[in-house]
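Structure, as structure tokens:
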Amino acid sequence: MRKGQKVLALMITVTMAISLAACNNAKPKQAQTGISSDLMKPFSRYSKPVTITVARQTNRGGQFAKGESTSNNGVLNVIKKKLNVDVKIAWETDPGSYKQKLALSIASNALPDTFVVDDYLTFRALAESGKLADLTQLYKVSIGGFAKTTIDSYKNNPLKPFEVNNKLYGIAAPQNGYTYNFMWIRNDWLKKLNLPVPQTMDDVKNVAKAFVDKDPGGNGAGKTVGMILNPTDPLADSSNFYSATTIANAVGAFPNRWITGKDGKVVWGNVTPEMKTALGTMADWYKSGVFDKSFMTYKSVDEETPYILNNQAGIFFCGWWGPWVYSTMFKAHPEADWIPVMAPLDSDGKFKHTNPMEPTSCQVISKTCKNPEAVVKAMNVQFDAESMQFDSDPEILAMLKPEREQGGGGRTIDPFSAIANYASMVPDSGKAITDYIKTGNLTLSPLLASQKQPAEDVMAYYKNKGTATQAQRDTFGAYTLGAPLTLDPRNVDVPIAYSYTTESMADLWPSMTALDKQTMIQIICGQKPLSYFDDYVAQWKKAGGDVITKEVQDIVNKSK
Amino acid sequence: MRKNKISMTDIIISIILIGITITCLVPILNTISISLSDRVSAGLGKVYVWPINFTIAPYEEILKDKQFFTSFLVSIFRVLLGGVINVFFCITMAYPLSKDVKAFRAKNMYMWFLVFTMLFNGGLVPSYLLVQNLGLVDSIWALVLPGAVPVFSIILLMNYFKSIPSSLEEAALMDGANPFYIMWKIFVPLAKPAIAVITLFAVVGHWNAFFDGLIYINTPGKYPLQTYIQTLSVSIDYQNINSLSPQDLMKQMAISDLTFNSAKVVVSMIPILLIYPLLQRYFVTGIIMGAVKE
Amino acid sequence: MRKKSSLDIYYHAMLFPGTVMLIIFSIIPMFGLIMAFQKFSPVYGIFGSPFVGLYNFKTLFFRSPNTMQVIFNTVYISVAKILLGLIIPVVFALLLNECRVHWFKRSMQTIVYLPNFLSWVIVAAMFSHIFSVTGIVNSMLLFFGLKEPIMFMASNIWFRPIVILTDVWKNFGFSAVIYIAAITGIDLNLYEAADIDGASRWQKVKYVTLPGILPTIILMATLSLGNVLNAGFDQIFNMYNPVVYQTGDILDTLVYRIGLVNMQYSLGTAVGLFKSIISIILIFLSYKLADKYAGYRIF
């Protein structure tokens, strides 16, 4: 038997040695950069074909036009035509498995030329260990077109966090602003019950109660839900469906955000005294039946949307795109008249909210990539193609047509991370389109080229409601009801103090986030008394809150 | 030999069994009905055993492209290849291990080795590094080799081999047969019921596995069916909701996760439903064993 | 006749290919277990990540306030599942064996194993609806005079029983396959002999069938001990909500939540290692106990 053990030991050693050797061999070599300055220009074409490999996440769901796929489609063809660059897919997964597959790719030193890193700490580790190409110079000379305009349109430089030791290692798609939630409410129900459009906290509560008790939808007793609430995270980032952050904001609480407190110090929104007030209100509302009683037993908002569609809910929180949520209900309930309302307002009559956190995910280029400039240039082409900047060229238009008609919004076939819109796209297009209805003249700046189709859809519905399609009606609702509200003077955009992770967060944050979410839900549905909030704050601070708050404060102080 | 009279006991047993069967059948009908219903009714839990507002939209989504059929073939190939490999290792390992310690002294060492490998595993990262260093990434071998030796099935089959009378083996040895011959010509035919069970386990396991496909396969064209279906997730992209076109958003909203998932389950069950009755036959023919006289 | 010991070489030869496969695909990757003692980052790899000693175990057992409750929940749920998951399939296999109508027997077998092929996502959604405030169970209870509907899925009294029973429901048919196969392996002569002795049906079950499948039962019981700390992640993850954490949170879901933001391979490996060690101890103990007190060798 000894022999057997020896053989076994030998085999392990040999295999480990092989895998070690493999690791060593794969050490990144700095790619030779003998590229002429002409080829560094944003849209310059190569004479010989250049190949780049990408890792991509694909949200399928059958959104491809006929004959197209992730590896053969209009956008790739446009990139090939414009630049003579072939984009090859190294590997692809569904969004849920991307992180895992990327981690394995990293661990085995088999990185594609370019990929998205959606975890900030992984990004830092990659940059610090020298696995990424330095983009500082490249970004200056090679980025151009819509991509550059978009990134430049944001007040705070969205690329700042992707600099490590003053070198740029990632290009981020900035988060769209104006994605905060409004309160969408059934106006026909309000009229039926002779109630005014709610504004204050108490108004909202009374209206929701009235919807439940008086049953304006005629569903039968106990079948109507006052207000839909996000089941997994009722105070989720405000751009999430049915998130009650709006309620918290009205009492001055800003959950899931680092904000600057009254004393000028940075504080985590979930542990402020205002948050206790907000939770107290919500627990009271839950108890008195304003919220759906069993909201926390659902797995996703997908199980709640049916209440809206089935005429059983009168209020939900959603961004300016709300009409697309209730889109399909009109056949069965043509009387439904939803309107977005800026409510609840705070005691000063303002509608406070925060914008989304700054992006923590970015597109990076591997150090082993031979033509990093080709990646940046291909990104330029993708952004321009998707924002319809090439549409004057009929040949390119023909390439992109199948996908446009399919309505995939580009995300299924684009090889690089999501295309962003420039900073004030929502209010600008809302204004342009409402003016179009009033005056009959459509003026869109070049940056809004992609909004031409929505504008025509809105007009089609406006002109003839009878023959308009469901999609045209939804677009009309979103652009004429939702988007214009973003221009309302009562809006107050509360700045976020900090969006990124810190050193200690890697270890501590996950369990603190878990504690956050579970406490919020437990207090709202009365499983824990409101006084438990103080225990929670103490626990949160002890679990790492104090350490992390200090780290954030230090970073904020430094950047002042 | 068997009484043909139907007794009270028979009736009671039948009633209990029918009751059990119904509790099992209802949820299946429920799943099929949900997959064929519209999302509103499905989401509200109104659907029980009959579809409401009949629609085949989720199936259309699944069956739409060629990839579905490519992946279907990959899966069939995987099940055949993986099934044969699994059964081969089961038989060659279970047979010697079914001997008692006196006949095969190293047996216990092998047994604990098997149990050890069943309970401990190094996790995803080292397994991936290994498969990558062996050059198996993006090939079917990455899906069938790492799980080639199913310890649980080996122990089952080993136990079944033990119940086969040793007189058979002794007689064959007397005739000068070697153990390979005995294993193949005497034990394997007699263990048909157990082999049918482990084959079923192997087939079901290979058919249903999706995670290894995601990890080890890079080219979607080589995905097995379950992996492909998994990538068909219809999740709404909240982060980039502003860049969604209305048509796109509507399409995503029209198929709910619930109906879509149900359709996935129904599609993925079909081949198993086809293969099971075939294997079930062997559970019955296994009774021939009783004909061997001690 | 050949000498018995001379057969050893044949047996080793038979075991050789399988053993090699196991060494390559199971033993070699076990070097990854050192991740349990590291702060593993894919960027630095297994050989480059810093060692942190027992830090991950400390995170699990000391830094997370509910760990003891969570371990209790895990063991409670899994032991109940193991017990019912042994008894019910055996009873079912015996009942089925007593059924004499062949077509009925076969179609029934085909039906009861079906739930096994449904994913937990589906099954959990289904039962959530069945047990919801407006679901069929509450409708019936209200009909029989209950005043307020019970929120089963958000009740710390009902959550565990629901988890255990739905698990048994899902798996009993498929588990029964093993016992059905074992029953077909029983020598028919034994039944004939019992008939000649004038044994009743119950006596035949008690003295022929049960002893015939007892080795399989003991084997399955022993092997299932390896699952004492596996209470079923997929199921609980799809069924629980923060209100029932107190009774329903298990080790795997806790680790999932702690590791939510980053892919915490190290923490996951540490928990896996802990579970493996407990499992192998339990299996070893039951092996020894069965040998000592019942004179029965599992292997």
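Think of it as A, B and C in the order they're written, each chain with its own count starting at 1.
Definition applied: a residue touches a chain if its C-beta (ideal position, glycine included) is under 8 Å from a C-beta of that chain, and two chains touch if they have at least 3 such contacts.
Predicted model, so just to flag it, every value in this text is computed and none were measured.
K.L.:
Does A-B or A-C have more contacting C-beta pairs?
P.N.:
Looking at A-B and A-C side by side, A-B shows more C-beta contacts.
K.L.:
Going by average Cα coordinates, which chain is farthest removed from subunit B?
P.N.:
Following the centroid criterion, the farthest chain would be A.
K.L.:
Hey, how far is the Cα centre of subunit B from the one of subunit C, in Å?
P.N.:
16
K.L.:
Taking each chain's centre as the mean of its CA atoms, how far is subunit A from subunit C in angstrom?
P.N.:
Distance between chain centres: 39 Å.
K.L.:
Two-or-more-chain contact residues of subunit A, please, as numbers and ranges.
P.N.:
Residues 15, 100, 103-104, 107, 303.
K.L.:
Tell me, which residues of subunit C touch at least two other chains?
P.N.:
Answer for subunit C, listing residues that touch two or more other chains: 24, 27-28, 31, 42, 46, 125, 128, 132, 265.
K.L.:
Give the residues of subunit B that touch two or more other chains, as numbers and ranges in rising order.
P.N.:
106, 124-125, 129-130, 258
K.L.:
For subunit B, which residues are in contact with subunit C within the complex?
P.N.:
Subunit B residues touching subunit C: 1-2, 9-10, 13-14, 16-17, 20-21, 23-25, 27-28, 30-31, 34, 45, 48, 89, 92-93, 95-97, 99-100, 102-108, 110-111, 113-127, 129-130, 134, 145-149, 152, 154-156, 158-160, 162-163, 170, 173-174, 178-180, 183, 193-194, 196-197, 200, 204, 208, 258, 261-262, 265, 268-269, 272-273, 276-277, 280, 283-284, 286-287, 289-291, 293.
K.L.:
Taking the complex as given, what residues does subunit C use to touch subunit B?
P.N.:
1-2, 4-5, 7-8, 10-12, 14-15, 17-19, 21-22, 24-33, 35, 40, 42, 46, 92, 95-96, 98-101, 104, 106, 108-115, 117-119, 121-123, 125-126, 128-130, 132, 134-136, 169, 173, 177-178, 180-182, 184-189, 192, 195, 201, 215-216, 219, 223, 226, 265, 268-269, 272-273, 276, 279-280, 283, 297, 299
K.L.:
Residue numbers of subunit A touching subunit C in their complex, please.
P.N.:
8, 11-12, 15-16, 20, 23, 99-100, 103-104, 106-107, 109, 119, 121-122, 125-126, 129, 131, 231, 293-294, 296-299, 303, 506-507, 509-511, 513-514, 517-518, 521-522, 525, 527, 539, 543
K.L.:
Can you list the residues on subunit A that touch subunit B in the complex?
P.N.:
Interface residues on subunit A, with respect to subunit B: 1, 15, 18-19, 22, 58-64, 69-70, 90-97, 100-101, 103-104, 107-108, 110, 175-176, 178-179, 239-241, 300, 302-307, 309-310, 312, 319, 321, 324-325, 327-328, 407-411, 418-421, 425-426, 453-454, 457, 470-471, 474-475, 478.
K.L.:
For the complex, which residues does subunit C have touching subunit A?
P.N.:
Interface residues on subunit C, with respect to subunit A: 23-24, 27-28, 31, 41-47, 59, 63-65, 124-125, 128, 132-133, 151, 153-154, 238, 241-243, 245, 257-265.
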